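Shared between the two complexes below is chain A, which pairs with chain B and chain C, respectively.
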Partner chain A sequence: MDISNFLLMRQEIMLLSIVLLLIIAEIFIPNDKKSSIVHFAIFLFGIHTILGFVGLSEGSLFGGSFQTTKLVYFFKNVLNVGVLIVLLQSADWIQEKVVKENKGSEFFILLFSSLLGMYFMISAGDFLMFYIGLELGTLPVAALAAYETSKRISSESGIKFILSAALASGAALFGVSLLYATSGSIFFADIIPTITASNLTILGFVLFFSGLAFKISIVPFHFWTADVYEGAPISVSSYLSVISKGAAVFILMILLFTVLKPLMYIWENMIYGLTIATMLIGNLFALRQQNMKRFLAFSSIAQAGFILLGIISGTQLGATTAIYFVLVYIFSNLAAFGVVQAISLKTGKENMDDYNGLYRTNPKLSLVMMLALFSLAGIPPVAGFFGKFFLFTSAASEGYYLLVFIAAANATVSLYYYLLVVRAMFIRKNEHPIPFFNSKIYMRLGLIVSVIGILVLGLYSPLYDYIFELNGFLNQ
Partner chain B sequence: MILGVSIYEILTLTSILFFIGVYGFITRTNLISMLISVELILNSSVVNFVVINKYLFPEVLQGVFFSVFIIAVAAAETALAIAIIINLYRLISSVEVKDTEVMKY
Partner chain C sequence: MDILSLFVAVPVLTILGLLLTKGLAQARVVSMVGSIVQLGMAINLVFAYFRERAVNDSVMLFTRDLTWFENFNIHYAIGVDGISVALLLLTTIVVLAGVFISWKVEDLPKEFFISLLVLSTGVYGFFISLDLFTMFVFYEIAVIPMYLLIGIWGSGPKEYSAMKLTLMLMGASAVLLVGVLGIYFNSNADGGELTFNILEIAKVNIQFEAQKLFFPLTFVGFAVLGALFPFHTWSPDGHASAPTAVSMLHAGVLMKLGGYGIFRVALFLMPEGAMDWSWFFIILSATGVIYGAFGALRQTDLKYINAYSSVSHLGMVLFALLMFNKTAWNGAILQSLSHGLMTALFFALIGMIYGRTHTRDITKLGGLLKVIPFISVIYVVAGMASLGLPGFSGFVAEMNIFVGAFQNEQLFYRIATIVSVSAIVVTAVYTLRVVGIMLMGKVTNPEYLDLPKTTWFEKTGILLLLIPVVGMGVAPLWISDMVMDSIKLFMQ
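Moving on to the complex of A and B:
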């Protein structure tokens, strides 16, 4: 056995060693210097993110349980960048609130363990690795959601999240057991040639799909989303809405396009209905929200509907547009959550009415928020427009004209509620607006990186071509 | 393999178990009993994996391994859920679902 084979797992091993280093640091850093652990963790994760971009080699380990391709590396790098931004944006919160309660390093340990789970989930080659990755990616997040143990709302969101996550993964497991019954193997590579559309397979597939749909918060499985986002600490909400959802979309896409491709005529119809329901309900509920976190939760449900629009076409083009849209969505949503977090940290205000007149006191923050919301709504100069445009193109090229029409109508509705926030910030008057404040360096850096992402992704087209090339294997 | 018991009977049993779990999860009003319902769901798939492995594909032990992992992960899940429930109980002195509904719609 050649040890160098394990270098295929380089990113996982590095992340695991970061977790171990943090545990050691927690022991040896004296109590009055605990806030330095934030710098330490961000520094380590920054190095990890940069190293993730070099030296790609493809292959599989453990008899096919663990696979890496260039596409998987790309996914992992996207997740890394997202987590780095989340860390930068939450650094101030951790330093000011969490470290004082002496649980700073646990936050990073749990966050990185969850990311490790997502890595394993994305590069899974069989259902066992997939299941373990899914659980490792979910359980630490539940602990993180209940992190503010003195706040009732935080515990409530934690218990809601873990119970519904357990139900979803239980349903997914039952589905996997039925798939195992029909195909006789849990390895993706062995399932592909044997899968046929028997009733048992379809039942198994539907149960399995519902487990993943829970993670992406597609509509019949979305009930946890708003409550958990509202109750959890904001950095955890942004992690859930971006990283957790992104990873689940990636693995769902890989599974649908490779393993479950023979069932395509079934999942096509299923996703057709789910897309419409997700966009509609996400939009309608977002219209009536006053709390910014709840508002962003429902907006993220609506965005999940748009992501499905790329998956439904089942082609290389569709996959590319879906991945590109997820990438854009990550940066836009992180920018929006970053602004909400900055304001909530300084003033404790989270309601939309509190944002009235924000432009007069904090023009930079308002501009960042406006860019993020324009990108989520899909207004031309920013990246979100291109993301939506490509999605519509890919769905239309497969002949889903009615669906594209409904999606376009929904995009218009979503414009209304995104602009409500913009109106509150720029036009509405307020006698007691949020006073001017300066954020610290980490928060600024996090916001700047996400704004650069929003602007550059829309203008820099080679990235799109690069993703298109990576998806070549889907063309078979 | 059990003499006189076919795979159909066992799979029917596990399916019933699964749906009892789902029904219990939806109807129970106590957090602990909801947790128990989730355990029923997980255990129904554990039995499924073992039985399918034993009856249909006895050459390779994939299903048995899978069930061992499910048991371990389910234990971790329960521990975490109980921890959160205990914390909630400290704050509101109740484990009833209706007392936890601060956030709605």
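Moving on to the complex of A and C:
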């Protein structure tokens, strides 16, 4: 094999080298200068992100178990940008809290390993690579969720996550083995011509699907979400809510639209029900949440329901919109988590009532939060509106008018609880508001990037056209 | 930049300018300048419209079309006819008057004016849009600032009212969304491309089955904003809690989006569906006309009285639109304009009375004519316009509506018309009741004897609205011609 073939894996190799570099740095940097590792990690990852955009070559490796296309590159770049924002937003927390406990570099190592797993999962050409990626993407997150060892709730969330994740990936693995039993191959390309809707195949598919549904937190696989989000450090919650969810959506879409396309008449009915359940349950539970992290957890469940609207249509338009929506969702949700993170870091307050009167003391943060929430709720002119409108359009294009109506009604319900936060920040008065504070440069940068994303993604249409061209292969 | 895009660009620039200001004094001056420029542009547009109309007889003038999202065939398509020009002019007047009335906003002035201008941007954009998507975007942009405007600067149960208003209107937009998508996916009925462009879709005959399904959705989606009974409940609560300028814009302009949207989208694109459903919505709107009038009769809070009166007057607009008759349609548009000016005037006056007496309960007020004569006299004038006295805008509008409506010879339409006309009598009763209790008689409360005089900015705001009310009544022809021309082209 030619060495240049490995260039197809260069994003994986680069990320792995970053992890190794960080391990070396951990050994050689003296303990009193450990906080510089934060700059080092962010700098390396920034370069990695930028390099991801150049020199895209397509192809496959290892007899087809690793494959990469322009679309896959795009997915990885989206994840990279998301992770970069997460890093920027958590830099202050790591410097102030984590480095003191002398585990700063481990945070990055674990996070990047998890991201590496996501890469392999998206690039998978067979179920083996897929499963390895899934596991590598999941296990480090459990350690991250339990990262604040001094807090009981954090350890609890780590345990909860690892137990439910193990169960989910067990189910997925069982599903994969059944699919192998019926088709005789684990390679996607070989499965496509032989797949038939036998009972065993359907059982395998359902089990496999539930494994991924767990990652996306689709109802009824969502029970871990709120508890884990609440207990885990905010950086980890935001990583779980956008990156891990986004990666799972990407691979689910690829599989549904290629390998499992012959079963579409089965999975579209299944997804129809799951969409409604996910939106409804997510919304209803979000209505009464006081803790901002739990609130965002249920909101992210509801958003997962909306993403399914794009998948259900089974068309190129739907796939494009789902990808676009995930991109928009990453920016919007990260902006919201960023504000929660900034406030929690300075004051330790995480409840909605604490946000009362925030606009009077911290107008900029409140505006960022408002934009993020409007984007999540789907209010123009921010990006979320376009994402939602296109999702509705793509579902309606296949005649799902009733589903669109239910979804639109759910969007109105979700507007209610997003407005509750706006009400707290802008309308309510507070005798002891959160005092004015300035965030550090990384946090600001993280918020600015997300806000730019929220504002630009919607109004700037060529990006959508670009994604549309990328996933032409899904339109078979 | 073309003459129409400026209507979106100038408010946006004003908002950007406002971001740089500090304090009330700067904020109000910047918004005043921006609004005056808008008014100038609208007046200029009226003249430009007449010049262009003389040589050009296409339905829409000053059209412009830029591709936005290629895959959905979404365009930034704009253009105006006489109806939109008239409504744009109305909007600019009300916005400017609103800025003058809010001259003394103490709390967060910058944010107040920004929200106000975001709202007006949405309204301008809505009136110039020829693309359903663009129209929908602007519709939502116009609605959402209401939440902050009522929530932050409102009074009374403001959190409740703001939430109720926003959720009802956004719920309506969810219904509308399904209607819009239904139109979009049926716009290739003759084998063409899917499109959101209103003029393109109008050329296509959407299948009757689809029209029957999507007309009511589109109609209700817009009609909630036009306070269709029984979806009007957001409006009285919203008005009562809103600050003065917001009530003015809300009743004067925002509620007009409903009638305009029904005319431009629901009726224009799905006429057969409309015919099929008209009986049902005529019953609802006629009920609204009567219900609103009687509701106003029972209220003692000035704002509630006017809110219910708006329900009644806008019910007439919806009623007239469903008549499929040029005269009635002309009346509907004129009623929109007339009601917009008149209600804005009412709310401005109520704001001034409340600002001085600190109550809006008419049973506690009395003899105001003696202590604040300027406000009181104008109130009487506005009341006369509201009850449709000849010489004011309301008369021309209501005359057209009922003459047009009565031309339908079927018994059902006749009965509906007679029922609605009777609301005019009730209108006279509740208007005169307020005038009698609040303005005439002795001064009930000695504290009222030394109420402060009206200031220059209050007077400017009032006159801005009063002049067109009288002007439309005395010389209705030019505006009625403008509207009528467009309706004729529209019907072809």
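Throughout what follows, the second predicted complex is superposed on the first by the 476 of 476 C-alpha atoms of A that agree within 3 Å, B and C clash if a C-alpha of one lies under 4 Å from a C-alpha of the other, contacts with A are read in each partner's own complex, and residues count from 1 in each chain.
The definition used in the following text is that a residue touches a chain if its C-beta (ideal position, glycine included) is under 8 Å from a C-beta of that chain, and two chains touch if they have at least 3 such contacts.
Values in this document were obtained by computation on a predicted structure and should not be read as measured data.
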Looking at A:381, would you say it contacts chain B, chain C, both, or neither? Reply first, second, both or neither. second
Can A:127 be said to touch chain B (first), chain C (second), both, or neither? first
Considering only the touch criterion stated at the top, classify A:419 as touching first (chain B), second (chain C), both, or neither. second
Which partner does A:465 contact after superposing on A: first (chain B), second (chain C), both, neither? second
Under the stated touch criterion, which partner chain does A:397 make contact with: chain B (first), chain C (second), both, or neither? second
Would you sort A:408 into first (chain B), second (chain C), both or neither based on which partner it touches? second
Partner chain(s) touched by A:389 [first = chain B, second = chain C, both, neither]: second
Which one hits more chain A residues, chain B or chain C? B
So, does A:166 touch the first partner chain B, the second partner chain C, both, or neither? first
Using the touch definition from the top, list the residues of chain B that touch chain A in their complex. 11, 18, 21-22, 25, 31, 34-35, 38, 41-42, 44-45, 48-49, 52, 56-57, 60, 62-63, 65-66, 69-70, 73, 76-77, 80-81, 83-85, 87-88, 91-92, 100, 102-103, 105
Looking at the complex, which residues from chain A come into contact with chain B? 127-128, 131-132, 135, 139, 142-143, 146, 149-150, 152-153, 155-160, 162-163, 166-167, 170-171, 173-174, 176-178, 180-181, 184-186, 226-227, 230-231, 285
Chain A contacts chain C in the complex at 317, 320, 374, 379-381, 385-386, 389-390, 392-393, 396-397, 401, 404-405, 408-409, 411-412, 415-416, 419, 422-423, 426-427, 461, 464-465, 468
Which bits of chain C are touching chain A when the two form their complex? 68-72, 74, 133, 136-138, 140-141, 144, 147-148, 151-152, 158-159, 162-163, 166-167, 170-171, 174-175, 177-178, 181-182, 184-185
